[in-house]
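The first chain written gets the first letter, and so on, giving A, B, C and D; residue counts start at 1 in each chain.
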Amino acid sequence: DNGTSRRLTDEEFDRYSRQMIVPGMGKEGQLRLINGRILIIGAGGLGCPAAQYIAGAGVGTIGIIDGDVVELSNLHRQVGHSTSRIGMKKVDSLITHLRDLNPLPTYIPHPFPLTPQNAASILSAYDVILDCTDNPATRYLISDVCVLLGKPLVSAASVRTSGQLIVLNCPPAPQGVLADGPHPPCYRCCFKNPPPPHAAPSCGEAGILGPVVGLMGLAQAGEAIKILASALHLPTHTGEANLRQPTLLIYSYDLAGAVGPYTFRALRMAGRKKTCFACGEGSEGRLTLEGIKDGTPDYEVFCGLNATPKGGGL
Amino acid sequence: MGDSAADDSKIPITVDFSGGLEILFSNQRHYALSLPAADKDGSPSTIKSLVGYLLKELIKDPRQDLFVLDGHIRPGILVLINNADWELEGEEDYELQAGDNIFFVSTLHGG
Amino acid sequence: DNGTSRRLTDEEFDRYSRQMIVPGMGKEGQLRLINGRILIIGAGGLGCPAAQYIAGAGVGTIGIIDGDVVELSNLHRQVGHSTSRIGMKKVDSLITHLRDLNPLPTYIPHPFPLTPQNAASILSAYDVILDCTDNPATRYLISDVCVLLGKPLVSAASVRTSGQLIVLNCPPAPQGVLADGPHPPCYRCCFKNPPPPHAAPSCGEAGILGPVVGLMGLAQAGEAIKILASALHLPTHTGEANLRQPTLLIYSYDLAGAVGPYTFRALRMAGRKKTCFACGEGSEGRLTLEGIKDGTPDYEVFCGLNATPKGGGL
Amino acid sequence: MGDSAADDSKIPITVDFSGGLEILFSNQRHYALSLPAADKDGSPSTIKSLVGYLLKELIKDPRQDLFVLDGHIRPGILVLINNADWELEGEEDYELQAGDNIFFVSTLHGG
């Protein structure tokens, strides 16, 4: 029994009725959500809206990992926190909000940063991973661990007036396998090398508009919910071929102009690459869970290699 | 593309910038350009030719290293040829066609 | 003095710092937001996320109008409410949430439905109007009043897995004026006749997915914020020409498939139409604020005219 | 469009449905179709011809009145020709061209 045959409680029926009558969701999709486990890495501008809609939809187990505390300058965009919770751990603040929205899911706080040492043990307990973080080193770490654990990854990022979203590693293929492809890409397949540090500013340095990062986080929730509800991460599913055309969604918000043909663009990306460090040919020999724990690769060094600090980045 | 159609030594293309790269190009995200159809040595214009043209003619910001490093597009910039990753199309050696759209996107990491 | 030359308080500086450093916003844009007044009509699936980001951004006066109370079946998508506030007026519930997110704006509750009798007096106190409602009759009413009062209108709608967004009447042109155009369209220019009632189901009847309606509401916030911050609704602004290419954004979420080239589409719409009942040639003779108050046109009849009730709508 | 190019009595077009209309068309949002280039009377195929074709060949749902009323696209459906409102292009009398995309969108009112 995969848990999709039990009855729904009266409260579940009432609470989820409007989404259950959508064609393609139904009781089966709802039970897949209730039995599903999503990890949200980062409780900031992406993680807040993503968490609201994932909790609202009734995903049964929701983990949130973040080591930061709520600050006043977060609140223009991090709408799952509040002025009265400034100084609280972001994870606890967000879960407070989510629990009042929907008390039914199990919320699991991880109130500390994701590290090469703790990543595998945390990610292994979830079905779908959301990368809502804010730095290149953590993004490469998350993707590598997702490849090794076979987890689908919904990755988004946003700075200033731009946003990006891509679903990776879905459905997951074993590391190093290239036959019977194309297989879906990992983060390194799409973004082989990190930018020089001065060209990869954070939202703190370069600024960010709330509706831009919010929209990307909400789109992440939409992708995560469809993956769980339609079981798109399971290799046997008929949706597989569809998800194998990897697409990078680009959002270009224009503060001085209207929505237009360039506002949203869907870009065709390549699949798994033979030359990929993490999932390509021979990758089993260079990327392992044990190695990551022991400091290989060194993500900080990898993302700082090209460091030639200059004023003002992109 | 209209008025350059008669001059077959030019290729009309459009070039877009996103993810912050537009800041290097006068904060303009969309350009309609008319490129020489061939390089000085007579070989067809490629993405590499386009990058040279952008550095020579279009970039206004002195921080050229945010676009090109060691003669190549810097790490952390995706290049899309007609909405497809340039790795699907031959990367810098792709020969430009009339009407092509070339899209440069800086990879973002914030959240 | 238009109020954009005063100093920001320390709290404002800290709270809005990350959006103020975005190119194009700055202190001037922030002060335009602080001096701006936005009315959100509908505190449901669109209005909740729109309000969160409009409040977060620091818009100084935020009115919300809705006559409904919070129900359990709202909460999967109406993330500005909560389980503990079930039974409370939606307007009061949402403002409770917003005030904790950002106490600085003035929140104005209108805890009753918008009607032909109260519409003009309410809308006249705001700079930008958001249509976050759920039925055709109210949508035509809002647009007509926006034409008559010269208010920009950010209109969105969502059912099942689809969403739509369009900015109307921006910058506003006087009713009936066609010279020196093209002028921006009103709702009736784009959607001349309502569908037969059985073809226009509500979210309650046809269902709705949270991330779909949420994304449209968030996009509305993005458009409203850009209109205020860049003063795009003022006829003298250089952004005018840009906003005069009216664009209908269509979101087609696919529960069974990945993001792709058809997920977002930007459609070119016509400008103000000579034949438009509300803003076209001779419209001053058939649509007035007094007439609307007195029941002409009758919006219920207009939207029920083609009524031939049948099972299951679109 | 490829294989129909040789047959010049056919026009290859794509047709999309959104806003719930796809439910009438087997829940499929995107179709690649090959239409006769001319109507029975020899006049060029128009949007009107396409609507006739959709009703005859493609619609599976018995609720045809949710798509066409009194011989015309029902109120509350937008028709887009190559991403532009059909009122910009001549409405039902627009003559179809090879490669055209016709997009039918049901207007939404929920929130």
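Note that in this section a residue touches a chain if its C-beta (ideal position, glycine included) is under 8 Å from a C-beta of that chain, and two chains touch if they have at least 3 such contacts.
Small disclaimer: the values here were computed from a predicted structure and weren't measured.
A.B. asks: State, to the nearest whole Å, the distance from the C-alpha centre of chain B to the C-alpha centre of chain D.
C.D. replies: Computed from C-alpha means, the inter-chain centre distance equals 37 Å.
A.B. asks: Which whole number of Å gives the spacing of the CA centres of chain A and chain B?
C.D. replies: The mean C-alpha positions of chain A and chain B differ by 30 Å.
A.B. asks: At which residue positions does chain B touch at least two other chains?
C.D. replies: Chain B, residues with two or more chain partners: 23, 83.
A.B. asks: Note the residues in chain A that touch 2 or more other chains, in rising order.
C.D. replies: Those would be 23, 160, 203, 206, 208, 254, 261, 266.
A.B. asks: Make each chain a node and each touching pair an edge, then name the shape: line, ring, star, complete, other.
C.D. replies: If you draw each chain as a dot and join those that touch, the picture is no line, ring, star or complete graph.
A.B. asks: Name the touching chain pairs, please: which are they?
C.D. replies: Pairs flagged as touching, ordered by label: A-B, A-C, A-D, B-C, C-D.
A.B. asks: If you look only at chain A, which of its residues touch chain D in the complex?
C.D. replies: Listed in rising order, the residues are 23, 261.
A.B. asks: Quick check on the complex: what are the chain D residues that touch chain A?
C.D. replies: 23, 27, 83
A.B. asks: Can you list the chain C residues touching chain D in their complex?
C.D. replies: 42, 44-47, 131-136, 139, 156-160, 162-164, 190-196, 198-203, 206, 208, 213, 217, 248, 250, 252, 254, 262, 265-270, 273, 306, 308, 310, 312-314
A.B. asks: Which part of chain C faces chain A closely enough to touch in the complex?
C.D. replies: For chain C paired with chain A, touching residues are 11, 14-25, 29, 49, 52-53, 56-58, 72-73, 75-77, 79, 81-84, 100-103, 160-161, 165, 167, 203-204, 206-212, 214-215, 218-219, 221-223, 225-226, 229-230, 232, 239, 242-243, 245-247, 249, 253-261, 263-264, 266.
A.B. asks: Which residues of chain B touch chain A once you look at their complex with the stated criterion?
C.D. replies: 16, 18-21, 23-24, 29-30, 63, 65-66, 69, 74-78, 80, 83-85, 87-88, 103, 105-111
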